[in-house]
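After this come two complexes, each holding subunit A, first together with subunit B and then together with subunit C.
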Partner chain A sequence: MTSLSMPVEDQSTKQVRLSSSRRRQNRQTVEAYLFLLPYILFMLAFGLGPGIYAFLISFADFSTGVPRYFAAGIKNYLTVFKDQRFNFTFTNIGEFLLISVPVGIALVVLLALLLHMRPGRVASTLRTLYFIPGAAVGPAVVLLVIFMLTPSVSPFGFLLKSIGLGAFNDIITPASLPFIFLIMGFFVGAGMWIVIQYGALEGISTEVMEAATMDGCNEWQKALYIKLPLIQPYIIYQFILIFAGNVQLFVEPQLLGNQTYIHANVPLVWSPNQLAYSFAFDLGNFGASAALALIMLIIGLGASYLMVRWTGFFNMD
Partner chain B sequence: MSKQIWKFVLLLTVISMALAACGSPATSAAPQVVTQIVAGTAQVVTATPQPTANPYNDNAPITVWIDQPRQPAIDAFIKANPDKANLIKTVVVDREQFPAKVLLFNNTNQGWPDVVFAEPRLVARVADAAHNFPLDLTGFVPADTISNYSAMDNCTFNGKVYCLRNDLAQFVTYYDDSLMKQFGYTVPTTWEDYQALSDKVAKDHPGYYLGTFGDGWTFLSFFEASGCPTHQLVDAGTLNINVTDPKCTRAAALVDHMIANKTLFNTDFFNTDYDKLITDHKVLMFEGPAWMWGSFGGTKGNWWETTDKKLGVAAPFKWAADPAPMVAAMGGAAWTVSRHTQNPRLAVALIEFVTEDKTLWTGSTNFPAYKPIQPLWQQAVSSNPLFASDPFPVFQAAADEISPLDNWPRFDLISPLTQFVQDTYQKKLTVSDNLPEITTLFTPLAQAQGYDVVSK
Partner chain C sequence: MLTRWFKKSVGSIGIFGSILRWAVLLIFAIYFVVPIFWLLLAPSKDTAQFSSLNPLAFGSLGQYFTVWKNVLIYQNGEVSLWFGNSLYYGLFSLFVSLVLCIPAGYILAIRRFPGRSLILWLTLITMLLPTSALVLPTFMELNLVHLVNTPWAVILPACFFPFGAYLAYIYYKTSLPLELIDAARVDGANEFNIFIRIALPLAKPLLGLLAFISFNANWNNYFGPYVMLNDDRLFTLPVGIQTILGSTSALEPGFNPTPGAIHFGYSEAAVAGLILIVPVVIIFLLSQRYVISGAFTGSVKE
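Coming up: the complex of A and B.
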């Protein structure tokens, strides 16, 4: 990284004779950058690089199959806004976010607080159990959920049948989709977040907790008035990451909506990311696809920015 | 400190821009104004001309995209041409992804397969300006050879031949001969008789079925066979979607009638529940594609029992008012060659071999599209103990009556139609009432592909 030598180049010869403490500080900076290097390289290759490429091709024209850069102007953005599926997909994802983000955070925090109330073997066993489903990734979870929600093969088939859901297609309907995706997401992600929030609770100083006990707090009051405010930054952190993750919903509706094999009543293009995929691979318009991806990025960044500003997240410590 | 951070961010941006620039294909050729068919309509566009095709190289290797059942055909070609063995690389792919993959290769300007096994509906999707994939075979396959293939209409686009048909998948009527004799029924020839029979079965033999209606393909088995214009190509740029046509409403009324009297099951052909009904001899008859007897009966033996001459094959139903049946088709594949191939002669030799070779087709359960080998195929199926009577005349007659609706527009019909059928069942509507939903589903898909959507 050439940037590492930059501060040195800027120095005059006089300043090169630094005090030993200054030199040590510089070396520490170098070490810090070295530790950051692998992450930065990957972020460049798989985060920032593709982002910039998307920005570039969002202005490219693809009507002849090969990209012609800067030939489309803002046409691709207009194509996205004018598409009949635009409103539909954003309504869907909005509904999903409204349900999944608060419910996801509330359940995770509740479980973490409950675990923290009764520390010991039971709590640590449960924590591990919560964590295990995280080993299953998106596509596998979709298959698992299909299996679980098909009454004729599901181990819980008798439960489903007893409430009048006799077939897979009684359960998967366009109206139930946000809840189905919530279950899938929670199943996979909750364990990790419980561990993180539990860790945050462990970090609360014992003196504070002891003081609360001395003042006559019961366990519920402690959870509500002491622990919850103290782990607020972690909750905001969870909000930002869950929002950014859920707004990108793709694998679940894409697989569940696979009419070739699964035959579920899932609209062909349900989420904005599927719309982006459809632009690219059904219509060959990679430009519109990139434009939509950038719109999604702006939404995610905007939501995070508002949350950070509103809560003063970065000022807290 | 904060200044340093910004310097760092700037540097990252510069580096990543450089990385992004490296990734993009170098376009050295100057753009020029040409007339092209873009999404179905001729327009003047500025296009970068394709680099001049490399001079053909008879020793260039070719990549062949197939599905698993096509492997023996490729093996047979290699056996017949051992000197070409190391030039042929086969890859088993999900061909539904073929159009999407072509778009990616167009972006990177490399990586296209040379030969692809795919249905004409998929070839149609890679034949537009954005995909620009298939090679016109007219210069490589003699005209009299091409005329020996059936159903080449589906492979011909604006006078260019973009594929050779492999097999045909015309629908015929499959029936359980012993069950029909036992109940004293005769096989209907018209859809009206079929509906009348369904009332008899519902009354006298409840629990027996006359078919299924549960996905896009089973939808087409009724509606395409009725000539219903859900996806009728008027010309290369115009699509007619009119579900109020009497040809649609009559099919919808029939399906609703048979759903109501419980003689139509509610899944696709491949659902395990439907499979079980057939194994349990609860299905009297249904319309199925020509290849279906092979997939389910001949080798597996659990669908229709194989040796007791139970499987009857009759002509597909026609509407009494129509002069002839309009036969739907489910698949029926073809072979297409890439315009980017360096070795078109080997590619064409391969696709001619796998569609024309006698030994290869003698034992096949697919109905061959290449007419000169149909007599051989006839000998094989006619002596097959599976059938109650010689099915070949039925297959052959139906092959000539495949509906023009089997020419698909450039978007997938099955997924939205499956969604339509599922939605109809879920909302507990009748097919007749929900039919306008198809217009709602198809219109944006058609418009996105550049079609003028009309309703007439």
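Coming up: the complex of A and C.
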């Protein structure tokens, strides 16, 4: 203890002060953890626990019916890598990401910039309209997309027919699936992101914008050379979150593939998360399922780690 | 008058630019709104009218009511049962998640103690992790403790709501005056009393926002309940409706229904879609201000 080197007469009083302040600090720490206890328990159970348990299972052997932990070595991982659907699903998701991430971000930023050229009642009404489909998720979107892409009933039917797509099966094909999932995802998610990017644009200081006007910038130049660079951190934020979310694609291909009507054109297992699901529920191989789920989890964790580190958005001090 | 209007609306955008801007904005308005509008009209038509009438025409009011009734009595009213399940699971998780995350966010905002930054880090990481990344691992964990295929398998994971804890943390950090707490402490109030009497009432605007986000996320969750539940009496609305759509060939043209049974066709499928969407749209429109500020709070630099 540092008090050893203190002058003798000071030592006792110092120690009393020190220990009483330490006692206070300890009490405060205990109190803080009492407030946090329920939250931490749920975090352990449903935030960290699943990952840790999946890690254990991914090395477990199930051949005897009861899991024997660490008995399988990396066998489960090899099963995943050797499965021919592994390459198929990762190629699919790669294609989907390559299309959906840049197109999604470009359109959201374009719409936010266009709206922000003339802020006012019209802009905010349009923003609300763009936002409404956010209420439709999962089965509702799949249902809507099926109707919208059936030329005979769709309000867009005349458009589809005019480009030579007369039947549903011309439209939903294995090659078009990444675009179909993009259309669904953008329909549901774009509104929220437009609101976020619009908010970022509103945060740009008025002095900067006034200076640009004085220098004779028109609205397009302002959008391109001033606003766009200034909202760059938000674009990075969107990039990482969209990437992390889209990698985990499950519901849309699962529902589209299970719809008897269009079965033929949609592979039953299209995305990596579906493959992980299929390992567990079609093949009963929980080890392999956990191994793949863990790989997907690590991709997600990596993205959120970068998010916190790179964007500096999150206040933690 | 006209020139002034012209100047105001075109200004430094330019005529050509203005036309372009409007064209793009309207095309996207059509993309976002027309499908929902179509869905609202769809139950008024019978299956033949879907292709014979204009897609945006209204069939008849009588048909609208018949179709709604068909859906509500389908399989002894399972749809309303699922609606109730969704409501029950959603509200239960909502309540517990608020009880957990508001005190947590509060204490993280006002105190410094060992382990605090670790908890904040874990909160951020789990909040940014897409929920679907955890579904299968959570299933395996719950399977271990035999909670799969019970309501708890849906309710408990949803009670962990790190986004809520983070928002509460940011909220208290920016809007709770520390002097107020110190004053209360001098007056002899203990920590728990301070939280209940001062911090909680201050959180009213926050409660609305968190309630919206949490309930909405639970209502719309498909992957989770789909994996966790087998028993159709326990299904949530999205999972239940999907089983109907998948098993009845509702979307298959020319499908011949069993005589006497209710045919689940195009119009019924449309109603099912509406039952999923409309409650959320209503909540959206009512709480738009909260939602828009909330969409932003998660990302805004403080």
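By definition in this document, the second predicted complex is superposed on the first by the 243 of 317 C-alpha atoms of A that agree within 3 Å, B and C clash if a C-alpha of one lies under 4 Å from a C-alpha of the other, contacts with A are read in each partner's own complex, and residues count from 1 in each chain.
Convention: a residue touches a chain if its C-beta (ideal position, glycine included) is under 8 Å from a C-beta of that chain, and two chains touch if they have at least 3 such contacts.
Being a predicted model, the structure only gives us computed values, none of them experimental.
In the superposition on chain A, A:I99 makes contact with neither subunit B nor subunit C. Once the two complexes are overlaid on the shared chain, A:A280 sits against subunit B and subunit C alike.
Of the two partner chains, neither subunit B nor subunit C is touched by A:I204.
Of the two partner chains placed around the shared chain by superposition, subunit B and subunit C are both touched by A:I40. In the superposed pair of complexes, A:V251 makes contact with subunit C only, with no contact to subunit B.
Of the two partners subunit B and subunit C, more subunit A residues are in touch with C. Using the contact criterion defined above for the overlaid structures, shared-chain residue A:R68 touches subunit B, although it does not reach subunit C. By the touch criterion defined above, A:V308 reaches subunit C but does not reach subunit B. Contacts of A:Y53 after superposition on the shared chain: both subunit B and subunit C are touched. Subunit A residues in contact with subunit B (one complex) as well as with subunit C (other complex) are 40, 45, 48-49, 53, 259-260, 280-281, 286. Considering their complex, residues 25, 28-29, 31-33, 35-36, 38-40, 42-43, 45-51, 53-54, 57, 107, 110-111, 114-115, 117-118, 126, 128-140, 143-144, 146-148, 152-157, 187, 190-192, 195-196, 199-200, 203, 213, 217-220, 234, 237, 241, 244-245, 247-248, 250-251, 254-255, 258-261, 273, 276-277, 280-281, 286, 289-290, 293-294, 296-297, 299-301, 303-305, 307-308, 312-316 of subunit A touch subunit C.
Within the complex formed with subunit A, the residues of subunit B that make contact are 4, 7-8, 11-13, 15-17, 19-20, 23-25, 27, 31, 36, 38-39, 45-48, 96, 99-100, 103, 106-107, 109, 129-132, 214-216, 267-268, 411, 414-416, 418-419, 422-423, 425-426, 444, 448-449.
Contact residues of subunit A toward subunit B in the complex are 2-3, 6-7, 40, 44-45, 48-49, 52-53, 56, 62-69, 71, 83-85, 169-170, 173-174, 257, 259-260, 263-268, 280-286. Within the complex formed with subunit A, the subunit C residues making contact are 9, 11-14, 17, 21, 24-25, 28-29, 31-36, 38-39, 42, 50-51, 55-56, 99-101, 103-104, 106-108, 111, 113-117, 119-130, 132-141, 144, 156-157, 159-160, 162, 165-166, 170, 173, 191, 195, 220, 222-223, 226-227, 238, 241-242, 245-247, 249, 251-253, 266, 269-270, 272-273, 276-278, 280-281, 284-285, 288, 291-292, 295-296, 299-302.
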